[in-house]
Every structure is written in structure tokens, then in C-alpha cells.
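Shared between the two complexes below is chain A, which has chain B as its partner in the first and chain C in the second.
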Partner chain A sequence: MYSIPHFIIPDLILLVFPFIVIGSRLFCDYKSKIPWRIANIGLMLIFVLLNLIPLASGEGQFFISNWRVDDFGVLMREVLILSALLGVWLSKDYFEHGADGKPQMHQIAEFIGAIAFATFGGITVVSACDTLTFFLGLEIATIPMYALTAWNKKDQMGTEAATKYILMGSVATAFELFGFSYLFGFAGGLHFSEIHAAVAAGTSPLLWVAVLFLFCGIGFKLTLFPFYTWAPDVYEGAPTPVTAVLSVTSKATAIAFLAVLVYGPLAPIQEQIAPLIALLAGVTLFVGNLGALKQSRLRRFMAYSSIAQAGYIMVALLGPAEIGKTAIVYYLFVYAISNYLAFFVFGIIGHHREETFASLRGLSKQNPSLAIALAISMFSLAGIPPLAGFFGKFHLFFSGATTGHYMLVTFAVLNNVLALFYYIQLIKSAWVDEPDGHLTPLRLTKRQRAVVIFLSIGVVAIGFLPFLSNNIFAGFNY
Partner chain B sequence: METILFNLIWVIPLLTVLVCAPISASHEKVLKALHATSATFVLFVVCVLTYRVYALSGTPTDEAAAPFLLRFFTDIPWLSAFNAHYIVGADGLNMLLLALTAFIVWAGVLVSWNIKGNQKVFFALIQLLATSVYGVYMSFDLVLFFVFYEMEALCMYLMIACYGSGRRDYGGKKLTLTLAFGSSMILATLFGLYFEGGVHSWSIMELSKVTLPMDFQMWAFPLMFMGFAVSSSLFPFHFWSPDGHSAAPTAVSMLAAGVMMKMGAYGCLRVAMFLMPEAAKIWLPYVVALLIFNVVLGPFIAIRHKDLKYITAYSSISHLGLIFLGLAALTPVGLRGASLQMISHGFLTGLFFATIGMIYERTHTRDITEMGGIMRKMPFLGVGFVLAGFAGLGLPGFSGFIAESTIFIGAFQQDSTLTRVVTILAILSITTTAVYILQTANRMLHGNMPAKYEALTDGCLREKLVIVVLVACLLFIGICPGWISEILDQSIAPIFAKISAAAVPAVGG
Partner chain C sequence: MNLLNCLILAFLLFGIGVWGLMRRRHLIGMLISIELMLNAANINFISFAYFTAHDATAGALFSIFVIAVTACEMAIALAIIVSMYRRHKSLDADQLRDLHD
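Now for the complex of A and B:
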């Protein structure tokens, strides 16, 4: 019984997609727009195909039941593809030949290819049914990120950031491998169903060691306390589009990793590891919020903000599978859109000025629409209704509260005030502070304006529309 | 038809923002005309619907809305992921508060006619703020309620920090963050209400049908009550209000003091006390103790201040304290008095801040020691200010007298020494109120006029209209309070029934 139903077509397209994009370089010169167009068409096609899959239609297992497609997987694919698409759009300006005739970065085809590989890695993580594929997925998702971080070869900061990232990432990988090997030793098998059965049959110290190592390993990637310290440097050193991809795709992959693990093979001991999750969540969101308070550089600020967001998202893992997974996917959508909106604004500013709070001064007078977009994205990240961020956080807290973790939820909710404080600092720079006379004026291209408006509407609309009840085009079958 | 009109109340401000979005900011007159028209239209709709609620009283209402007697009831499933519904309806209390809001928003749009800065954004923010306040008063689903409740934070900061005066960034941040702190306290308890009640519903009506576990109520009630009380500036969370109000532009001060601070008291009554009456009975005596600051010390602080807005802010703190006194009395008269005070104080503080804003626009100072003789140049504004002051100190004939005397009667009925002592102190503090109001009016309106005030003019027609309408409202409530009490009683009856039915367990009391 081996057939390829339509569930798996988007995955197969995504698998060949990076090769096509990179391969297109053979047939066109370095200024050609063809790779960029292929990337757009390909990613949009995959996104539409994913949206055709009706939710709640069960799950399919493929390739000797090592590859699984379920609702969570489909929605996670959509998040990852969306993130890749927005990342590609954001990066376009950096390959453009500006007034001085030199783009900031070169080789757009390979750049897009690397993003697509990372996306495929993320999809492997959500689809894997055995620890080997699972681990491979995580590595496929991480390794292109090292390269992307150092994409701007002339930038010292970028190289330094990439070095730091590789070193930290390798340590994390070692932790994970170690954890997986113990898990294998404990369960005597690689497949999740075998591990699940072994865990359900009874625990042993070996299992706890494995869980601890796995959490440490993923803690690096998800920037959990105390493994978050690399994030600010890497986020600041990497080119802006890479920072955006890093903060969304790689975070989504890491949380998907945890969700698959906690709700899959480790489901029988979810209650026992709940205190660990709660502790990590609480401390991480607090530390992230504290760290963001005193930042003056935009990307460093966003790094701490995303550390805090990682803490918030961990809260959802405390809930039961159905609610927890919905909350995570929903929040990732919201987070992706809000974060990309912020990075688009920062990117536009970064083209003309330094990316610091001071460069935002007087934005509301120079370019009110950009200032409004910035306010929307910041208030959304802070979780103020009626913007999407609030509903995302509400989902997360709801999931945590389902199993009665009121203490943690209360702590997280109160932390929101702290978060609001620093997001308001940023809005203040843009809205209240008087402009410095010598700042260069901002000019938006039509594409930039369109994307900013599109994302702003998305952040406003996603929140209160009944979202995620089904896929967009699920009524049509193919 | 009426139900659709009712739902339009919060939709129209939002639509106005959307309609105005593509219009260029340079077409100021068109934008202002649009906003004024929309605010007037909403005011008209709300007045008609308020009359309908009054006319319909006594007739049976929607069964699904029990125990409340809700008109224009709407219940649509909204966010299926956590079972949130879109539930709105009107009983007497929230309809009157909606009417108050509509008046204040209308007046707020008119008084900000000449605001400096990007007018397009400012008026859009006023409309968003209006949406949020309308939404709070209309909704009976806790998620919907909270969404509207916290929306204010988004608008408030931008409006104060960008269009305010003085320490506007500081004031705006202090206000927004304190209010956000309050609302996060509320949010934290909402989840508990959903899960602990066992009904798994956010609907206030559904939740009121169960008795929540006592150990949950014991921690959730103070958290939620204080969360709401933050926005009503109950001691010790009053500190945001003077700085926030003084930094805010006129319309924002009016909206903040006039309607937003009532949202807190309304939430205390409608959500916290209604859903957790057992804990309310245990905890409310402690609230009465806190009130000593609000009611007794607030006026004394106001005497010492020289800035008009600080004086009004502290006067608001003391008047809102009276609302809580009425709530804490836990008698039907007290609750009715508290509701009356919400409405009455909304109009009077709106009038206060409106006249202060108009005077400030001309004199460019709010320091009463620098002012004098304003009555000679601006008799109309001066009289408006004095009338607001009289209403504030509870002169019979104005709404303040009705509301405050009802509260005092209701509070004194409560059989507890502490409440009675605080009530007596509160009655005495009216004298203090009279001191600061008369002293302010005297210094500002009479005496020597500085030479630079020679060229000042009295209010224009637009400003006079605002003052006349607000004064008319104050007088209307003051002279025929029976009409309003009648509307209020039908909504207070189910709340009081639930509270009086609550049996307090012996522990912890």
C-alpha cells in the first residue's frame, strides 16, 4: 500500500524548490530577476496548495510511516512557508542595486535557496515520526541559518555573529544527539510509537536524563533561559532579513520540535515535565522582558523581545494537546506577521539610517503611515487588543490555564505590563520625540508600501476574525 | 431594527475611522465635519435607544439574557477556539452609561476642534477610544468585554504623548502602564472564572448561574476588583490619574475622567461583585477602609494644588471614592446611588475638563495663582466652570446632590460601624470639597485681571453649545431623578438579588 495522496505534494515541491532556484543561476546572469520570480511563484504555489488541504481530515503516514501529515503539521507548514515568503520579500531590497550601484548582499538565488532549505528542515521536524528524521530536520533547519547569518561577507559583525552562532549551535546539537541516544537506549527503538509505548510503560532515570538533555539542546535554539545569551549578538550581527527569518522560522521550528516531542512520544509524562516547562517559561519571559528594557539598538531590542515571546509560547505547552497545538500555531501566525511588520519598518529605516531608537525620531511627522505600522506591530507584540497579538497570547494563556497553571499565567500576564513598557519606549521614539535635523529622509518604494499595508491589515484583521477554523481554500479539492 | 441600531453604536466610530483613512490629512475641515457628524449621529441613536429602554421597561425581555433584563440582545458565536461569543445587550445601567459616553464623545470631538498636530490621527484615535468605551458597556461576554476594555491603552498613550501638554510622555506612560497593570490583573482572573465555574463559558449570564468555589473566589475577587479599581483610581492605585489628566489634551481628560474611569466601577459591579458575591461580602469592608483616602484625603490634596487639572483630578478621585462607597454598602439604595454617581460624575467632570480646556486654550496656563478676573472677559466659560463646581459639591438641583445623597443613605443602611464612620467622614468631606471649589473659582474668576488677558474672548458658539448641553444634562438628572432611577432599578435588581442570595461561609470572614 504505497500511494502519494495530495497531502504530500506541497512537501515534494518544497523539496525540489531550492534546487530549482539555485539551478536557475546557471541560465541567467547575476542581475537577473528570474530566481526572485521563481521563488515568489514557488512559495505562493506551495502556500495555496497547503491551504487546499481540508483540516480535520485525519492524518496520513508516508515512507514506511516515517513521515506524517496532520492538522498541526499542515498549519505549521503554512507558518513556515509564510515566513519564508515574507523573508524573501524583505531580503529583496538588500540585493537591489542602490544609488551607489552596489547591493548590500550578493547571490540572491543561493540566499533564497538557503531560506527554502531551512524551511524544509522545519517541515521535516513537524512531519518526522522517528528520532532520526526528527534530528535531521532540526539540522537541516539550522545549518542554512549559519550561512545566512554571515551572508554579508564584508560585515565584521555578521562574521562574528555567525561564528558565535555555529559554536553555540554545535553545542546544542551535541546536547540533542546525546539526549536522543539516551532516549534510544531507554526505549530500544527510534520510532515515536515505540518510544511512546516505552514511556507509557514506565519511567527510569535514563529517561529523565534524556529529557533534560533534549530540553537543554532545544533551549539554545528556542532561546530559553539560561541558553539565550547568543541571541542578542547574533540578531544584531546578522543582516536584517536574516534576523527576521531567524526570529520566526527558526523559533517556529524549535517550538514545533518541543510540541511534537511533548505531545507525541513524551505525552505520557507531560504532567511530570510540566513543572520544568513552567519554570523555563516563567524565567525566560521575565529575563527577556528585563533585557529588552535598556536596549537602544533595534535588532538587539527585537532579540530580547523574541526571547520573551519564546517564554510566552512555552506556556501553551502546559495545556492538553488539542488546545496547546492550536494555541502554538495560532500564536506563530500572529507572531510571524507582527514580527515581519516590525522588521519591514526597521529594514526601510535601516536603508537610510542606523538601526537605533534615535533613528526613529520624528517618524510620525516624516512618514505617518510608517509610524502607524510601527505602532500596530509593537502594540501587537505587546498583546494589546484588538490587534492579533492579544488573541495569540490569549490562546497561549488559555492553554496554560486549562490544566490549572494559574500562577504561571498570572505571572505571564503581569509581565505583559513590563513588555508594554519597552514597546511603548519604541513607539515614543517614533511618535513623540522631535526629529533630528540631519536624518536622511525616508523614501518607500511601491512594493515596500504595499507589503507594509498588507501586513498591517493582517495584524489588525487576524485577531478578531474567526481564524484557523479551517484552511482558506479548503472547500476546493484537488 | 433596534438591535441593529444598537450594534451600530460601536461600529459607527470604527467605520468613521475607515472612511477617513484614505482622505488626505490636509483636508482638515472635511475630516472634522465627518467625525462631528458621526459623533452626533451616534448620540442621536443612543438617545433614541435609551428612550426605548425606558419605554419598554416592564415588558418581558429575551429569555436567554436572564437574569438580566436585556434589550437588543445579540448572541453570535465568535472565536470557536476558546468558545468566545459576541454577546451584547442593554439594560438600564449600561444604556445610561452609553448615553453618557455618547454625550462626552460628542463634546470631546467639538472641544478638540483646534487641536495642534496631525488632526486626522487625533480624531481617528478619539473614535477608536469611543469604540472601546461603547464596547465595554455593551458586552456581556468576558472576552469581548476585555478586548474592548484594554483597547483603550492603545489609544490613550498615543493621544496623551503626542497631543498633550506638560510632561506628556511621562503622564501618558504612567497612565497607560498603570491601566495595563489593572487590566492584566483582570485577565489573570478571567481564565479562572472560565474553568473554575464548571460551565466553560465566558458569558456573564451563564457564569452567574453557578457558585464559584470559595477558595478560588478568595484570591480572584481582590485581584479582579483591584484590577478594575485601578482605572477608577481607588487608593492605592490613584497615582496615575493626576499626572495623566494634567498631561492629556482636553478631550482625552474628558473621556478618561468622564467615561473611562467609570468603566472600572462598572466592571467592579457587573463582573467582580456580580460573579463572586460571596467573596465580595468578605472583602468589601477592606475596600471601605481604603476609601478613607479617596473620600477624605482627596479633597484636602485638591486644596493644596494650584494646577486646575490637578484639582479636578483629585476631585474626581474623591467622587469616584463615593461610587465605591455605594458599591461597598451592598444595599440596593447604595448600588443605585453608585450607578447614579457614575452617570452624574461623568457629566460633571466632562463639563469641568471642557471648561478648563477652553480657558487654558486662551490663557495658556492652568495655574490658578497666575489667573484672575476671568469672569470679566469670559463670563460664559466662567459660569460653566462654577456650575460644574456646584454640581461637584452636591448642590441640590444638580445631579451630584441626588447621587451623593442616595449613596450616603445606602451606605448608612449597612450595618457595620466602619462603613458608617466612613459615611459620616464622607459627608463631612463635602465641606472640604466646597473649600477647594470656591477657592479655585474665587482666585481664577474674580480678583485682579492680569493685563495680558485684555484681548481674551469668551467662548464661541461651538464651545457654548458644549457647555449648555452638559449643564442641561446635569440639571435634568438633578431635577427629575425618578426617571433615571426607574431605568436603573431594573438592572440593579438582578445584581442585588444575586448578591443578597450569596451565603458567606464562616471561614475567613
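Now for the complex of A and C:
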């Protein structure tokens, strides 16, 4: 017998957590709030426990040689758990009444369970040390998302979005798997150290084909350029809280997958695949920005915005491991907060009106604090200096510039100006445009008000107190 | 029978899957095409495990896991497609056009 090492406890709690939440439904009636309370307590407990894990530089700690908890892993866990917690809070109101022309959803316990499973998948991806665990993690993170997209059975759009998503997602899985099989054939083993050794010993066409297939597969999930077309449809058709979870958890998992792969087993050929990454990043952020320009519906707009953000994050993958991984984690944290703030505001508006640009008109007169929160989140996503998004983007571009990719960084910064244009259009609808006719009053629940205030302060504080980010950057290394 | 033959077979299967996915307009047909692509990867794993790998069990193990994961994925896909069918009374992929720019 051996004792369970303490750094694995949060993972174990998260693993049994969905079963407890879903199981608690058996012992209480339909209207009961017990599953909801268990979910809140459980997720917050995991978040607190994660913060207690000391960050240790180097290889990280191992659990039966196949489960690694390193600094990148711990911080990614925090991002994923935060995303799950905010997603659960955002979804609560959608189980009480319908919104955005869609009927009310049911089965909150199972919904929370599915989000927790997807989060566990993300955690598996950042902890994996062999391609089998890695692949399983990605699948655990994706499969609940298909079900979540179709959660609203009475909503036709949701079902259609889920059909598109699962067809595209399964094709992506097939591509990835084909890549993994060639990688296995090339290295002769599954463990990352074996693959690393084989890649360092020399390349062959088999390896390049494998890399190409892997990038095709993950390109679907990360909504990179030629494979992004499903994203706007799925983001629009899915229920709003699911869209928010998709845009943060699913994206964080996909980018973590790439970071683990590029800085782990494929590290010896990072320089050779840099042109591929640079090309994908550049085209993706350009296409995302162009697409966002002509949108009128909010969730579709957020889809294109998140495609562009994926492009920006890809820029960091060009840098050296330490700077690149740090920049990615920091930006994901900032992106999660800003994105959820935007979705909370959209959700509050969506409970009373349609989620379109036109519904935002007159918001500054009707509810100034909500309009300020919206402006904060949009400016942060656009990367305006005093806010958190600026520092996040700065570190991403810095990472890309460290290895001399000045052309791409310049292109990304210029694109940021383009992005600013459409983010400001959204703010304009909320602040400048006059409302047409009478506005239905907006009611905020206590939870919504508290979360919006908390997230707004978070976005501003991380930006205005740069020493916070300096501490994060100085506090750990890989 | 050698490694190259197996790899060519797997690649052809994968190609047939991609081709079928693009040509078929029937949702079940598309799912079967995806299944072909996944099984092509399985053949790759098994043949690499049999011919070259120094860790032969790993390859066989991987394909068993793939079969299980695929079963989960197909279960959810079929559930979603059934709810699609209840609404439209048809399984034509061309009816997926309510969501667009």
C-alpha cells in the first residue's frame, strides 16, 4: 500500500464530483437545490485546494509515471476550474426560465456533471505523459460538449448546431488519431519521453505526415483557419452558457494540447514547424477579425472574436517553452475572465430581449453599470492598455518576438486595430445609439450582480496592478 | 504481407472515409464514413505494433481504447441525430441550414 500524494487530491475530487452531483438527484425531488449547492461547494473546494499546491519548478511531480503535475498543469487546472465555476453560475438562470427565444432547460445536475467531465478532460490533457492518455483526455473534454450543445431538446437550433458540431468533431478525432498512429509508428512507443528521443534522433517523412494530421485535427477544435467554419454556427445554436463554456474550456483544452505537444515530444523540431504555426496563426486571426466585422448577432460575433483570439494565442507558441507557456496561461486566465464578463452581460440582456446588437441600444441610459461592465470586457478583449487584455496580448506577442518572428507580430498588432473597430462598434451600440421605442426593464438577480462586479474588478485590477502579473511571471518557471 | 501493404490499406480506407463524408448527404452515411476513418487509424496502430514497435502491447491497447471511445461518440451522435429526425422527419444533411451568416 502506498499513500495518495497530496498534489493529486484535487484531480480525484473532480473525478468523483460529477457522480456525486448526478447521484444526489436520486435522493431529492426535482425542484431541490441540493445538487446546485453541492456543485458550488465542490468546485470552490477544488479551486482552493489547487491554490494550495506549491509551484515547483522543473519536471513536476509524477503519479505512477503517467500523470504529471507541473506548474503549467496546475495553472491550467485553475483556469479550467474557474471556467467551470463561472459556467455553472451563468447557466443557473437558464434552468429557471427561458431566454433569447429559447425554452427553459432542464436537468441542472446532469448539466453540471457534463461540464465537470469536460473540465476533467482538460485536466487529463495537461497531465498526460503518453499519447493514449493525451488522446483520451481530449475525447473526455469534447464528448460532453456535444451533449451540452444539444441540451435544449425543444430548441431546433441547438439540435442542428450539435449535429454540425459532432460531425465536424468526429472528423477531427479521426484526423488526430491517424496522426497519433503515424507518430506511434515513427517512435515505436507511446510515452512522451520515447517520442521525444525518437524525434531528437532524426526526422522522417512519417513524422511530418503525423504532425500534419495532428495539426489538422486540433485545428478543428481550436477553430484554426481552414477548419473554423463550424464555430459560428455552433456558438449561435448552442444555449448561451454552453457557448461561454465552449469558448473558454474547449479552447483552453485545445491550446493546452498544442502547448504540451509542441513543448513536449515535438520540442526538437519546434523550429521546423514554426512556419506552419506562424501561417496558421496569421491567417486565423485575420479571418476571425474579418468575419466579426459584419455580424449582427452577439453570439455569432463572439464566435468570430474567439477565432481571432485563438490566432493571437497561437503566436505565443513560436517562443521558447518558458516564456510561451507562461504567456499562454496568463492570457487564458485574462481571456476567461473577460469572455465570461461579456457573456454574463449578454445573458442578462438575453433574458429580456434577443441577443443582437440592436438589443444593446440605450443600455447606457437604462443600466449604466451594466454598460460599463460591457465596455470593460470589450476593451479588455481588444487589448486596450490599462486593462488586463493588454498585458495578456503583450506577453503573447513578446513570446513570438523572442524568436524573431517580427513580421507575424507586426501583422498581429495591425490586426488588433481592425479588432478594435468591431469591439468599439459593440460599445457604440450600448453607449451612443438611441433605443427605438420602449425598453423592457432589466432585472438582475443577486448572483448576476455579484459576478458582474467581481469580474469587472478582476479585469481592471489585473490590468492596473501589473505587479500582480509580474508576480505570476516571477513566481514560477518550467 | 508486410508493413507497407497494411499502411496502404489503412490510407485507402481513410481516403474512402473522407470521400464518403464529402459525397454522402445522409447523416447515417456520414457517420459510417467517420467510422471508416477511425478504423483506418486502428489498422495503422495494429500493423505498427505487429511489425516495427518495440512496445507491441501499447499499439494493441490503443486500438482497444479507440473502439471504446468511438462507441461513446457514436452513441451521442446517434442520440443527436434521432432528435434531429424527430423534428425534420428526414436524415438529409442539406436540411442543416437554419444557422448561417
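Everything below uses one rule, namely that the second predicted complex is superposed on the first by the 443 of 478 C-alpha atoms of A that agree within 3 Å, B and C clash if a C-alpha of one lies under 4 Å from a C-alpha of the other, contacts with A are read in each partner's own complex, and residues count from 1 in each chain.
Simple rule for what comes next: contacts are C-beta pairs under 8 Å (C-beta built on N, C-alpha and C of every residue); 3 or more make two chains touch, one makes a residue touch a chain.
Just so it is clear, the structure is predicted and the values come from calculations on it, not from any experiment.
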item	value
Fit or clash between chain C and chain B when superposed on chain A	fit
Partner chain in contact with A:Ala321 - chain B first, chain C second, else both or neither	neither
Contacts of A:Val432 with chain B and chain C, given as first, second, both or neither	first
Which of chain B and chain C A:Gly237 touches, first, second, both or neither	second
Partner chain in contact with A:Ser364 - chain B first, chain C second, else both or neither	first
Spatial angle chain C-chain A-chain B, Cα centroids [nearest 10 degrees]	140
Which superposed partner A:Val48 touches (first chain B, second chain C, both, neither)	neither
Contacts of A:Phe421 with chain B and chain C, given as first, second, both or neither	first
First (chain B), second (chain C), both or neither touched by A:Thr163	second
Shortest CA-CA distance between chain B and chain C [superposed frame, angstrom]	25
Chain A positions touched by chain B in one structure and by chain C in the second	none
Chain A residues touching chain C - in the complex, by the definition given at the top	131-132, 135-136, 139, 143, 146-147, 150, 153, 156-157, 159-164, 166-167, 170-171, 173-175, 177-178, 180-182, 184-185, 188-190, 194, 232-233, 236-237, 294, 300
Chain B - residues contacting chain A, complex	25, 78-82, 118, 121, 143, 146-148, 150-151, 153-154, 157-158, 161-162, 168-169, 173, 176-177, 180-181, 184-185, 187-188, 191-192, 194-195, 223
Chain A to chain B touching residues, read off their complex	323, 326-327, 330, 364-365, 368, 372, 375, 379, 384-387, 390-391, 394-395, 397-398, 401-402, 404, 406, 409-410, 413-414, 416-417, 420-421, 424, 427-428, 431-432, 464, 466, 468-469
Chain C residues touching chain A - in the complex, by the definition given at the top	10, 14, 17, 21, 27, 30-31, 34, 37-38, 40-42, 44-45, 48-49, 52-55, 58-59, 61-62, 65-66, 69, 72-73, 76-77, 79-81, 83-84, 87, 96, 98-101
